[in-house]
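Each of the two complexes below includes subunit A, the first together with subunit B, the second together with subunit C.
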Partner chain A sequence: MKKIFILIMFFCSILVSAQKYYTKTGVTEFKASVEAFESVEAKNKSTTAILNTNTGEFAALLFIKSFHFDIALMQEHFNENYMDSDQFSKATFKGEIAAFNLDELTKSDKNFTLKGILTVRGISKEVETIVRLKRIGSKIVLDSEFNVSPQDFNIEIPSIVRKKIAESIHLTLSYELVEKI
Partner chain B sequence: MSLSKKYKVVLITIAIIAVCGYYSYQYIYQKHKSIDDLEVAFSGTAAVFLDKIKQDAIKWQNVIVELEGIVSSIDDKGFVCNENIYCQWDVNFLNSEIKTGQIIKIKGRMMGYDDLLEEIKIDQTKIINK
Partner chain C sequence: MKRHLVLLALTFLCINTVNAQDDLLNELEDEAKTKDITYEQPAFKAMKIGNLQSTKVAAKGELYMYVSHRFGALNDGFDTFFGLDNANTKIQMVYGIFNGVQIGMARESIRKTYSSHIKAKFMSQSKDFPVNIVGYATVNIRTDIKEDKYPLLQFADRMSYATQLLVSRRLNNKFSLELAPTFVRQNLVLEPFQKHNQIALGVGGRYKISKRMSINADYVYNFSRHEDSIYNDPLTIGLDIETGGHVFQLLFSNAQSTNEPGFISNAEGDWFGKVFFGFNIVRVF
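Showing the complex of A and B:
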């Protein structure tokens, strides 16, 4: 009897622990372009993201220096002058997808509200946005976009380039999560 | 036939503008540095590198490393080396044929320590044979 109980507990623990979906190569993009000027945009293809499908808790992490700009000089200025990425190497997000239910996900997009704390340059700010979730095969595909302002994270933009960088920075997230075994 | 002074001045001015324009273009649109242009900060086995990271993770951020280790698992964008190092392929190495358990020698850029998955992340990974 005791053995059966232990066995049941063992299988239960497997079921509980296997409820995480993640990616190590999620794509996070930002656009801060202003019309008529050189486009200011970059892509990070190495974003880590984890979704706990039991609770809807969601966390993401990326390295600032992994943002790739088309123009190398712009990338250098971004890291050295704006983001101080030697000192603040990571940007993180921790939050929760409200009313998340794995069983509700289908092949077509379903909207959920994601709320949490975004930390950039050591400064945390609350963010609320809509995420689109769908299930393709064994993957959960998460897409979202939201805007942040450089002032929120004490990012100073010199007046000489002020007109070339948008007031509001548009972020796009695209993560394909697979089950964590 | 000698050129008029005014004509010479115009010609020299145009030449100066062209040269300045060329160099500023080269400066603004300079190429991205490849990992081969940068100095290798660590070269050795993945196991030794993991020990160094445990001592001081910050020191080893954004540096070029050459590692020798064992392939633990593989996904479509990279592989895990020595259980704790995720290596994301350089675009030119995306379809490299590797097997789990294989001993591999790679070069890549160490991005940093990923607290969420508790592993090291490397990108621009290339297989090297020496």
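Showing the complex of A and C:
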């Protein structure tokens, strides 16, 4: 009788506990540069991201203040004037990689479709993009890029600098996920 | 049977704890509890609140150019076109030599003064520390007095100094306050009864009225001012307008000098008569 209980318990945990891969040092970059003007770009090297390898569900989270610009003043303006980082400290993504199968991943890139909701400044927007996945050793490497526009998240750009900031902002993601124990 | 119940309970508990983490985003929220110090955003946008130095320090490698203008007294009326004819102009270059340390050189017309300064950030406001602390020191050399008029004049007489400790806090998104204990040394005082060493306390603040505009004010109380002095404590009220790499500061003050030994010791105007209109323009390269 006791053995059966232990067996049930064991099964339950296996059934419910999902296999997950994650990172805390994912790199998220954006470029909003316009040729002939100062480059407007920043890098966030502390993005957390997690992938459920059973279901293909994927989520990512980053702190806006952790975006690093080469020009300190630009970073200050980004946080204070454009992103309201005190009020909206983080940006999140939650979605699913369609037809994800861990066994299909190899050493070379394989394309998948990632669909989900990107939330920036408290405003959610649906995003669909291609992600490239590969497996290197025990890591899953995820690369992707997509474009967003500042208007989608109610980011006001004053007329005086409108020419210097691209209308479409290019985001690049590069996450190396390791198994979460 | 009792033991079985316990096991059963444990099983459920086990399922529950795993279930609770089903939402990936929630799981991330727990992971993402950041350990690194996140600094508060700066208390002030420009290096000056109005006349008083703010706790902003140029980042390493940043070059700022300041052009400050203080027109003559408004109450001069049409005679000088409300002070337009007697403007004091200051041009200053500021450079961030290390992270948190800036140096600057300037020349202003009033008393033909050359000045240099060093400003260093000691502490930044963060979740763990309540205030920004910055040290500021400036040396001024006035070159308007001539030796043929004052034969006993020595070079040291041209010098004046100011040292300040600037302590500021961004109280919320809109409101920031600063306190500035100050020591001023005037090798040559303009009034014979005035002390050479002067202790003063500056107070300044800003209130943002929109994302890119703020109302700023600063006041310096000079404890060492002689009661018969014709000079007053400087009060400056201004409006900051920020546009990308520029900050425009439009202001009214009862001091015409923009250097610390100048406006803290020798503010020649008063708010009930002689007020100067002026502006600072900042451009970052």
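Going forward, the second predicted complex is superposed on the first by the 168 of 181 C-alpha atoms of A that agree within 3 Å, B and C clash if a C-alpha of one lies under 4 Å from a C-alpha of the other, contacts with A are read in each partner's own complex, and residues count from 1 in each chain.
Heads up, the rule we're going with is that a contact is a pair of C-beta atoms (placed from the backbone, for glycine too) under 8 Å apart; a residue touches a chain by one contact, two chains touch by 3 or more.
All values derive from a computational prediction rather than experimental measurement.
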Subunit C versus subunit B on the shared subunit A, clash or fit after superposition: clash
Partner chain(s) touched by A:Thr25 [first = subunit B, second = subunit C, both, neither]: first
Touched partner set for A:His170, first subunit B, second subunit C, both or neither: neither
Touched partner set for A:Lys65, first subunit B, second subunit C, both or neither: both
First (subunit B), second (subunit C), both or neither touched by A:Asn52: second
Which of subunit B and subunit C A:Val161 touches, first, second, both or neither: second
Partner chain in contact with A:Asn81 - subunit B first, subunit C second, else both or neither: second
Touching partner for A:Leu73 - first (subunit B), second (subunit C), both, neither: both
Which of subunit B and subunit C A:Arg132 touches, first, second, both or neither: neither
Contacts of A:Lys43 with subunit B and subunit C, given as first, second, both or neither: neither
Residues of subunit A that lie at the interface with subunit B and also at the interface with subunit C: 22, 24, 46, 48, 50, 59-61, 63, 65-66, 71-73, 85-86, 90
Touching residues (chain side subunit C, partner subunit A) in the complex: 3-4, 7-8, 10-11, 14-15, 18-19, 22, 24-25, 27-29, 31-32, 34, 36, 38, 41-42, 59-60, 62, 173, 211-212, 242-245, 284
In the complex with subunit B, residue positions of subunit A that touch it: 22, 24-25, 45-46, 48, 50, 59-61, 63, 65-66, 68, 71-73, 75, 85-86, 89-90, 178
Residues of subunit B touching subunit A in the complex: 27-33, 58, 61-62, 75, 77-78, 86, 88, 111-112, 114-117, 121, 123
Of subunit A, residues touching subunit C in the complex: 1-2, 5-6, 8-9, 12-13, 16-18, 20, 22, 24, 46, 48-50, 52, 57-61, 63, 65-66, 71-73, 76-77, 79-81, 85-87, 90, 92, 94, 156, 158, 160-161, 164
